[in-house]
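Accompanying notes for the structure given below.
For reference, chains read A, B, C, D, E and F in written order, and residue numbers begin at 1 within each chain.
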Amino acid sequence: MRGLIIGRFQPFHLGHLEAVKWILTQVDELVVAIGSANVALTFRNPFTVGERIEMITRVLKTEGLLERVHICVVPDTGDMHTVWPAHLRHWCPHFDVVYTNDLLTRLCLEYANIPYRGIPFFKREEYSGTLIRMLMARGSNRWRKLVHSEVSAFIDEIGGVERVKKLAQIESVI
Amino acid sequence: MRGLIIGRFQPFHLGHLEAVKWILTQVDELVVAIGSANVALTFRNPFTVGERIEMITRVLKTEGLLERVHICVVPDTGDMHTVWPAHLRHWCPHFDVVYTNDLLTRLCLEYANIPYRGIPFFKREEYSGTLIRMLMARGSNRWRKLVHSEVSAFIDEIGGVERVKKLAQIESVI
Amino acid sequence: MRGLIIGRFQPFHLGHLEAVKWILTQVDELVVAIGSANVALTFRNPFTVGERIEMITRVLKTEGLLERVHICVVPDTGDMHTVWPAHLRHWCPHFDVVYTNDLLTRLCLEYANIPYRGIPFFKREEYSGTLIRMLMARGSNRWRKLVHSEVSAFIDEIGGVERVKKLAQIESVI
Amino acid sequence: MRGLIIGRFQPFHLGHLEAVKWILTQVDELVVAIGSANVALTFRNPFTVGERIEMITRVLKTEGLLERVHICVVPDTGDMHTVWPAHLRHWCPHFDVVYTNDLLTRLCLEYANIPYRGIPFFKREEYSGTLIRMLMARGSNRWRKLVHSEVSAFIDEIGGVERVKKLAQIESVI
Amino acid sequence: MRGLIIGRFQPFHLGHLEAVKWILTQVDELVVAIGSANVALTFRNPFTVGERIEMITRVLKTEGLLERVHICVVPDTGDMHTVWPAHLRHWCPHFDVVYTNDLLTRLCLEYANIPYRGIPFFKREEYSGTLIRMLMARGSNRWRKLVHSEVSAFIDEIGGVERVKKLAQIESVI
Amino acid sequence: MRGLIIGRFQPFHLGHLEAVKWILTQVDELVVAIGSANVALTFRNPFTVGERIEMITRVLKTEGLLERVHICVVPDTGDMHTVWPAHLRHWCPHFDVVYTNDLLTRLCLEYANIPYRGIPFFKREEYSGTLIRMLMARGSNRWRKLVHSEVSAFIDEIGGVERVKKLAQIESVI
């Protein structure tokens, strides 16, 4: 039995990690599918897909989870939501069920008759990509507590905080 | 130091595996980039990118190589070869040098000032994706000797030989 | 003499039907062109183009209008408004004049030297796709009075109200 | 029970008409889906999708078949064959089964778990779009016997023979 | 030494002209790259790329600057900002350095290791494309003082003020 | 009166120059539109659009023709030939008539009701982009006599002959 989790992972945070661990108690193997793979250098999607692959790999390797996980990517299909599930199937290794709480993802999967299940939330208020990026943009270091140490180290390596600050300024987010 | 190997891997064969092993004697880590990621169900590209991720992962795991390898994907950019290197950078984890013998890939990388190196060929006549697909199409089992046992097992699981036979017929290849 | 009416028809409502009937008093035949054909599963465009073809066909058949009408579809061209009229010509059967009150459509047609005419509005406040979708989202049945009985029956068949409710929630419309 | 027939209909010929009639003995309603909808002005696809909608409509109306038929269009998805069935579903009214003899179409539908059935061929050697276009290109009038009189009249109206001759010359087909 | 200036030039105004003149005191030759080349007939981008080429050429010719300037165009790459610099290189004649104050442009260029420099602002409050379009939309003639007389003459020739007024109304800008 | 000449200019040769000079005896101004602007690094289209803008500009400047000429670019529209004329209008400054001998271009322009005229050929056998690229690929210097000295100088500057040789090898042209 193989599950799939889909997310933008901007960045991959502890809520994502908890979800991965929990799903691995439910299934034998897990596909981690990185969505909006074609987007980068925006406040909402600051990191390239290559960077996201790398941060997720580092965390899962450190946590000893890589053995049971496949990492893959899925580009956006714009407003053509009806064909997104077919893209999911094309870009990802085989999966039996999708784990997602996202309502639009669920609607698309229903349309395509692909089964899905919910995921328990882990400190949803805190473990949020948007919050993490806002904290980075505001110069607070509190985001570091919301991601794995491998992620914060990687983001430092690539100058990620500086990039997010600039994007927040560019898009007048703060 | 991190290298990158780019290929379509239709399918991943023993020549690819030898190349991966050899590059890993030259660098610390290797990015395996699956090209033409957007194409599937053609004789030249029968397998989806998800299927290719899976066959490569299985082989590298069995061979104990996954620890030092990242797998990623790169879509085609059509005839706009000048922007392909920027896509390579977007879709892949960071790399220092590309290992490739393909002349068009080298030309594109030169245009973009990305360094590359050659790879020694391993039984080039035999270890060829085109030959493997032709053998499948003709009903010969000899292709099985040209791929890792994990690959032939996976191709059997997904009915890959039957698919290649049909595609060869559809495109009048044989 | 053949006219063309262009709309998103999300859904096809009584205002559209009145417009179709009125234009058919002006011209011999009418092309009904479904715009934004590539979009679906958004609050603004909940129905696929296939679903919209079906609801329009049922209404026109019931009303005995199908004999003089052609139904066709036109995808969006994004912000490249200058080429949209050429797409209109490619995707639609021949037409002599476009009937439209939409100012952007008129501007594009002017740019391309395609003639257009206005349509009298029929209870514009009531007969509005946006209003109909809002009523669905809020759980009011009043939308049923704003569409032909064939449309409400079809929307019930495909679970359309439930879909619109979910999309309104997903996009935080209500 | 509703069937679907997919074709490029360049042009719609008597073989297509026989197929439509035969399928209508098997099912209650039929969706006629015009493929490669985005292509035109090539020797292989000389007619726009609007022109093809018109020629099919005229024939089906004359033959009294329009009552039980829906006409729709499907754009190409290039080499991304895995997502074509999702496009088929998006662009077409609901269908239960596809009637097709085309091997690639069948392979794509199998991949997406969409059921299909074969169609008896009607004078396959004669009733062929390629043959008809070749006859036009060579200045032979024999193509007129291979299409419905409504189709030949329509092609004459739009100067279709001259167009096909030019395209054959441009692409060095003859 | 050759510089490049990138802008949307909707329309080309006196601030742009001052910038061009100033950069030409710094470098031997200048590439004027027209961005968002694929967009037109929106309030933000009312003029086609052909129209923008024409207004810039007329001004530079009148000012005797054309000798040292190349004009070219660059389409948008949507949210895929990482590949935009490769497009810049593909679509433009060779350049050594980009002159830009735009923060997103700078971020993209940094990502691609392309050098850039700042430009002194010339009456930034006044010389603004947005202000000029707003003045047009409101029926004020004050925009004429903010552009070269060749630009106002050209805009009059093509009915540009009327177009901007309609677009402002269509997009509810005023 | 303003004419337009459309070509790929791979490279711009003496036949093109003769055509430009001849057309300028017929009209007041000329738009030189560089087609297939999105393609580069293929044997058929070795040079980027930026490089082509540069070689044409240098020649026209040397010949004193730049005063009456506008240079612009037009991307391909694939097999959607019906919308290409609308792209031509979007990407180019205003023109009254197209000068072209290309049959496909003429067919597309006829479809869109855009007037065109023929151009006298100037040593058609010799002045041919294909011949020039073949001569480069074969190591013959004879191509230099078929282009303006500004073009051969520019091609030398960018290592163009070496590029064409590699592309000929990559695509097995020779």
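The rule is short, and it goes like this: contacts are C-beta pairs under 8 Å (C-beta built on N, C-alpha and C of every residue); 3 or more make two chains touch, one makes a residue touch a chain.
Since the model is a prediction, treat every value here as computed from it, not as a measurement.
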{"item": "Partner chains shared by chain A and chain C (touch criterion as defined above)", "value": "D, E"}
{"item": "Centre-of-Cα separation between chain F and chain E, whole angstrom", "value": "26"}
{"item": "Chain centre separation in whole Å, for chain C relative to chain B (CA means)", "value": "47"}
{"item": "Inter-chain centre distance, chain A versus chain D - centres from mean C-alpha coordinates, in Å", "value": "43"}
{"item": "Computed distance of Cα centres, chain E from chain C, in Å", "value": "37"}
{"item": "Chain C: positions in contact with at least two other chains", "value": "40, 48, 80, 82, 89-90"}
{"item": "Interchain contacts (touch definition) - all pairs", "value": "A-B, A-C, A-D, A-E, B-D, B-E, B-F, C-D, C-E, C-F, D-F, E-F"}
{"item": "Touching residues on chain A, where the partner in the complex is chain C", "value": "78-82, 103-104, 107-108, 111"}
{"item": "Complex contacts: residues of chain B adjacent to chain E", "value": "80, 82-83, 85-87, 89-90, 112"}
{"item": "Residue numbers on chain B that touch chain A, as the complex places them", "value": "37, 40, 48-51, 53-54, 57, 61, 66-67, 70-73, 75, 89-94, 158"}
{"item": "Touch list for chain B against partner chain D, complex", "value": "38-42, 45, 48, 163, 166-167, 169-170"}
